[in-house]
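Single-structure report; data block below.
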Amino acid sequence: MTDTPETKPLDSTRDKPFEPVMIGFTCNWCSYRAADMAGISRMKYAPNVRLIRLMCSGRLDPTFVFKAFAGGADAVLVSGCHPGDCHYATQNYKAMRRFHLMQRVLAQMGIEPARLKLLWASAAEGQIFANEITKFVEEVRALGPLNWNTKPNAVEVPAEIPVEEVQA
Amino acid sequence: MSKPKFAMYWAASCGGCEIAVLNIHEKILDVDAAFDVVFWPVAMDAKYKDVEAMPDDSITLCLWNGGIRNDENEHMAHLLRKKAQILVAFGSCACEGCIPGLANFSSTQDMIDTAFSTITTDNPDNIRPQASYAMPEGIITIPTINPILKTLDQVVDVDYYMPGCPPESHQIAAVIDLVIAALNGKAQLPPKGATIGAGNSTVCDECPRKRNVKAIKEFNRIQLMAADPELCLLEQGIPCNGPATRSGCNARCPSAGAQCIGCYGPAEGVVDYGARLIAAFASVIDSDKPDEIDKILDGLVDPAGQFYRFNLAGSLLRASKAAQTPKIG
Amino acid sequence: MTDYLYYPGCSMESSAKAYEASVEAVCGPLGINLKEIDDWNCCGATEYLSLDTTPAYSLIARNLALAEEQANGTRTLLAACSACYLNLSKADHYMHEDKAFGKKINEALAAGGLHYDPGQLVIRHLLDVMFNEVGLDKIKEKVVKPLTGLRVASYIGCMVPRPDYNKHVSDTEHPYELDDLLKALGAEVIDFPLKTACCGGHMTQIGPDTAFELIRRLISAADEYKADALVALCPMCQMNLDAFQGQMNGYFHTNYHIPILFFTQLMGIAFGKNPEDLGFGSELVSAHEAMKRIGIQTPEPVPAKPVAKKPTGLPMPPPRVRAVQQTTGNEEAS
Amino acid sequence: MSAEEKKPKERVGVYVCHCGTNIAGVVNVGEVSKWASDNLSDEGVVVARDYKFMCSSLGQELIQKDIKEQKLTRVVVAACSPHLHEKTFRNACKGADLNPYLCELVSIREQDSWVHTDKIAATEKAKAIISGGVARVIHHEPLEPLHVPIHPATLIVGGGIAGIQAALEIADAGFPVYLVEREPSIGGHMAQFDKTFPTLDCSACILTPKMVDVGNHKNITMLTYSEVQKVDGYVGNFAVTIKKRARYIKTEDCTGCGICWEKCPKKVIDDHFEAGLGYRKAVYTPFPQAVPKYPVIDDINCTYFVKGTCKACEKFCPTNAIDFNQKDEILTVEVGNIILATGWDLFDARRVPNYGYGRLANVFTNMEFERLSNSAGPTGGNIVLRDGKTTPKSVGIVHCVGSRDKNYNNYCSAICCMQSLKFAHLVHEKTGATVYNFYIDIRTPAKAYDEFYQRIIEEGTLFVRGKVAEITDAARNPGEEGKLIVQVEDTLVGKQRRIPVDMVILSAGLEPRYDSKALAKTFGISCSADGWFIERHPKLDPVATMTEGVYIAGCVQGPKDIPASVVQGAAAAARILGKIQQKEIALEPVRATINEEQCSGCRICNTLCPFNAILFHEDRMVSEVNPALCQGCGTCVAACPAGAIAGTGFSNEQILSQIDGLLLLNLNKKEAVPAVLPQV
Amino acid sequence: MTEPVIVSDPPSAGPVKHEDLKLLQEVILRTPGDPGLEMCIQCGTCGGSCPSASAMDHTPRAIFAMLRAGMREDVMKSNTPWMCVSCYYCTVRCPQEIHITDVMYTLKNMSLESKVGGNSTASDFSKTFISLVENYGRSFEIGLAGFHNVKHFITRLPSMTPMAIGMLTKKGMSPFPPKRIKGMDQLKKILKRAKELEAV
């Protein structure tokens, strides 16, 4: 069915101790195009970020960020057009405002604010986009896995409660 | 013909919900008339073994109030789920964790330390509760605490949700009327998973305050300012949770001059209550400069507490990193 | 009275005693209470920066740390010497802007048990505080003997208007603060084109030929504009122009005689203070003649050089609006 | 919600493209498609294939065949960027009677095979991307584009050369145009210039015929001395509110004879048309060839308005055309498209303290020089010093004043090099003075421009490469007295020079109009950080904006010279004519909608929309989105605290599911499998 | 001129020897803050603005071009940074907002370290100044000037006498060193640590 040559890959991410999984949100007009530009120019960057295209960084709902962290992502990238260059005039500023507030909330939740990154990239800035992603992956690698775990192992639970002795 | 059976249980919560049920005044007589109360520890004596002895699905309506804090809560949730036909998460604690859920910000150790060794606690010998203790008479045990507080539906399947801290009495009365009517075949129960005893919109829908467009230059604390009694509180920089909080309380707090703190939880279809407020508040901050935004946000003391006061356990993130690493020393 | 932390600087104790005396004499009446930083050290002038970066900034930062420690609620740190003012604000600026650098300097300070949080102090020059905090109205109130008839060149020099990290001054090249202040005292202020040109700085010591040329430019321009005196706000400027004026004259075979005074000395005179208490007489180029002129209150009309006559030709553009203009395009539609 | 209770309700087809070896060389496409069919069946995947070139007609037919035979309800194509082939695959689905919006194209080329080298990691990432696409596509809804009719009239804001050109193009094609101009006459900056580079035509001579054409055109309604106040509506159907300022002249009676301004006793410095170098009266036309010919009374300076008496103009007007009681008029016009051609402002050279403009009399700006050299200007075309009589013997022309300078404007103003060369020529020709050009770089890239540069060198203009450090009247050396000294490093020599001249001309740069940000807000378009309006695409669509129906022409988009402005004006007109001919326009259905039941009327969303698409109904206390105005950015969707706003095409369900999908396959197989994930 | 400018190579337009391409980056890294030096567009605003350009062997702009070309030795030997009077005209006028005066300080630091050049009059003055500060915590103008001028401008001393007398009599300057500051030990510790950190 496929004619892909069966060559052994040079290296595998599996061999490395920790490969962060990251979700990235891009806007349709600048940062997604920056990612396209990085691709068209064959710039190489770390494969850890999986992108989601939004029309605008202003669409970024904090729910998405929390969902990503709760779902096992080690970090989240939010990217949009440069300030002043938003294709929807000023909506990236709203993303920026939310980003600032989210970082505060995340910090209170014990998630290092550095796991949430805001990146402005214009459609022409493929190189910046690629470099920043690689840098971000390294930063997150240094932070270690987030391992968001909402089912922590409970302290030993007795199989049955001796009902006779405990009164509600 | 025997009457339908009614049960109510009090798990990790303050007990206000129980009071709220009694606060429906003479309507409580209708409950008594319509139901056989088979299990209601706060109102009548009962043993767990009596519940265990009941046939499955024998309880028609069970109101569960409180979050799941320890193994006893969890055990009872499973037990009552088995015995009840309709299990209602009653009140904010059962629905979304509420105030007890705020402990999910801290580690179990911190929570216990706070309870047993702060200066307000008279505990000179620093005695800590033990899960089990050998007495001459034998070993006694108390329930074991879970690292994080869970909502009822994180443990068992829930039929209906009734929000509020506590639910408003007029809403409780209306729900009871509805259930009785449904039992008599005179009304239809809403689809499973529905929120009952509340509105579909948010508190602003019922709020009498005047409102204009919003542009927040600074956040204020209501106790530190003379707020305009007519104008939308959020427009005055007071972080009012009303815009994101489910309606149904008749905007009780904002009408009385206090900001909504969000006890009725998220509106229909909302995945994460706090995220809605983060997005909404941040969007209307009137600045595009990072430094200035930070300065404005400094006015929002304890943002996570502001946005998740009632909803932490029920939120996407559920508990802080500290709470996820149980260690009791 | 408003409290200000005060960093006098080394010159105040030696070459600029006139400045020190006159600053003290005029601050009191204006409600400025100078709280000298206890045990301050030299700011290193421009010299230490030339040798070693980290030690130079650490030397400056020790003063900032001491000031922060002794602040007691006051945040403004005042300096009267331009070089001291710039060094203090420079250290604060870079420690703030370059976090790693700030950390490094604090590491050095820690060896002496000190610490400075960049951005904690607002570092300002005395003139800036006089103009923007005290205000000309209050200064005018104190004037009992207007300097009517004294024709002065206001000379600000380099380090107050440039680089002006915190934008305290109206312009980097033609600021109006000192002009306005001297006018408020009643003096006639010429539009001195070299208002912020260089006095020669340390070149008097390391390249006198260059220094003499720089001094000549200033002195000859002041002379050309028929100024009675040149008014400075920095000990180094004053010393270069005053003490080296004679040598400069020798070097160029000229015979200029322009006394160099501190602006506070003239403020003191206008406030009715005794000239001796203001350090008069310590200048090498005597101000005797110039001051005599107002002593007898009969200003001699001096034929002005570039005074604009009634315009007969093409109109000039109106002067620039007096505000530090930010980038354009931000203004809303009127 | 756990996996087992979720019964797949959609039938999804997954198509993995090899793109030759572009994808298949790095991503093991066979493994990926097999994985999708094996592992994503719970999500609804019924078929997964890989193919050499999905975008080929054979590849598209493959998808169409499956849609029909396998009864697919959703399609996921894993190939290149959606910006390249989204339309292709949507059309393919449409061809098989599947709503095109039920197709999702995910990029495993630009975002995967082209940017990664580790084949295993790239293959795993491709699986994750497809898993995300599948999870998302399930929540897609069938959508239809919005069709709206187009009003045939066009609004053009700004009556400079770009606006004039656009107005004539559209009007000549037979469609109505409203041309709004803030000044009393159209003409713009071009009317002020003396000569134009590189041909040295007289600016007025080539401009005035066009102005007259505009004035006489039956399809053009000129609204001079007017400003746009408000824009409502959307592409095809704008309603524009215009304030027509009172001229205090009854235009129906005025013949433009000029007796009023002859008799007016009040002389005012004309800081507009004459760049502050000449005078006009309180009742005036900006220049003799003004279109329309009617004057205006400047009510700020008019003696009657200031003191209550005078009325000299009224006394002498032969047709009784003066009306001191005229009031501003507000009118509303309906148009289908808009061109913004509001032009530029001159950089205020007083901001550069070291150049002494405003302090040193004989420092002039470029605009002042244009008037000085213009035979219709205040000196009758004599180039003289500020004293009004002395001809300069040496002139320094300073390039890049306020441009290419981070202290002022970072950009190159594009026209100054050529303009400065033109000035050098004019000075040389009219005065014979020695001319210096002080430049950083000479930029003469257009047709016949460099030849002009050569000509100026040949004429003997002296070029000094160096940004002028300061201009001073403080003489230092013999020969400098009474002169302006231009101090500069001659960088080609590596030495500081002090060059005494009689006159300095500052080539001040072009800036966005002072009110450009407000204007952008009025029209719902965006400005760059500098303040120039942003085009839809800097190369491929330089005349449209992100707001449908709003076009830009001339310097409003960025500094440019006359030919470029004319080209852009004509191009914008051509674009609009094409739209008008189509009579209606189809809009992408990516829109926000508000569920009124759930909307609490909190008004959080009301300020967030830059396109004014959100209306608040005071009566019902709910907000509503106008779908034709909405551009689909989704900011309000994200901000709605009640969750009452849904985003078509980018809904919460779609994105949350995509997150789940992307994280379904956890590359490093962490110990703790997150609780909220469906188990693999 | 203070001293003849030392030029090691005879004037030549020949190719640059030993291009040291790390030089520019080194200067940038050693300057506090972000000096922006890589952004130089060679416009000459700095050279045009400099009041002491006439004493320099290269204009600042030329020095920046030399840094880019990796001409380490030539830059280290140049007297340009030493002639800088810290007037900051170049810094505020630079269209690329390069912190030129700060870069000059860095170049002085580097030239002293390199030991190939620097202006001995200027660097000696700085060193004398600092040795006084390091010993007393305050500077001492008269002593400094005296010491320095005896060493470097001995022939000019006669012309300086009236001024020196004036300094002592009219200005009332003390010919004795200043009183040590109380925290001299502390200051020494700080400077010692700073020097260690500088070396890192």
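Per-chain numbering from 1; labels A, B, C, D and E assigned in written order.
Here is the rule we go by: contacts are C-beta pairs under 8 Å (C-beta built on N, C-alpha and C of every residue); 3 or more make two chains touch, one makes a residue touch a chain.
Nothing here was measured: the structure is a model prediction, and the numbers come from that model.
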Chains touching both chain A and chain D, listed by label: B
Closest chain to global C-alpha mean, per-chain Cα centroids: D
Of all other chains, the one whose Cα centre sits farthest from chain C: B
CA centroid of chain B to CA centroid of chain E, Å: 70
Geometric centre distance via CA averages, chain E-chain D, whole Å: 49
Centre-of-Cα separation between chain E and chain C, whole angstrom: 23
Computed distance of Cα centres, chain C from chain B, in Å: 66
Residues of chain E whose C-beta touches two or more other chains: 54, 89, 92
Junction residues of chain C - those touching two or more other chains: 172-173
Shared interface positions of chain B, touching two or more other chains: 271, 276, 279, 283, 316
Which chain pairs touch, all of them: A-B, A-D, B-D, C-D, C-E, D-E
Contact set on chain D toward chain E in their complex: 354, 400, 404-407, 440, 465-470, 487-491, 494-497
List of chain E residues in touch with chain C within their complex: 1-2, 30-34, 51-52, 54-55, 81-83, 85-89, 91-92, 99, 101, 105-106, 108-109, 112, 119, 121-123, 125-127, 129-130, 133, 137-142, 144-145, 148-149, 152-153, 156, 159-160, 162-163, 166-167, 170-174, 178, 181-183, 186-187, 189-195, 197-198
Sites on chain D touched by chain B in the complex: 597-604, 606-608, 621, 635, 638-644, 652, 656, 676
Chain A to chain B touching residues, read off their complex: 61-63, 65-67, 69-70, 83, 90, 93-94, 96-98, 100-102, 104-105, 108-111, 148-150, 152-158, 161-168
Chain B residues within the chain A interface of the complex: 10, 41, 46-49, 52, 71-72, 74-75, 105, 108, 131, 140-148, 271-272, 274-276, 278-279, 281-283, 285, 287-288, 290, 293-294, 297, 300, 302-305, 307, 315-326, 328
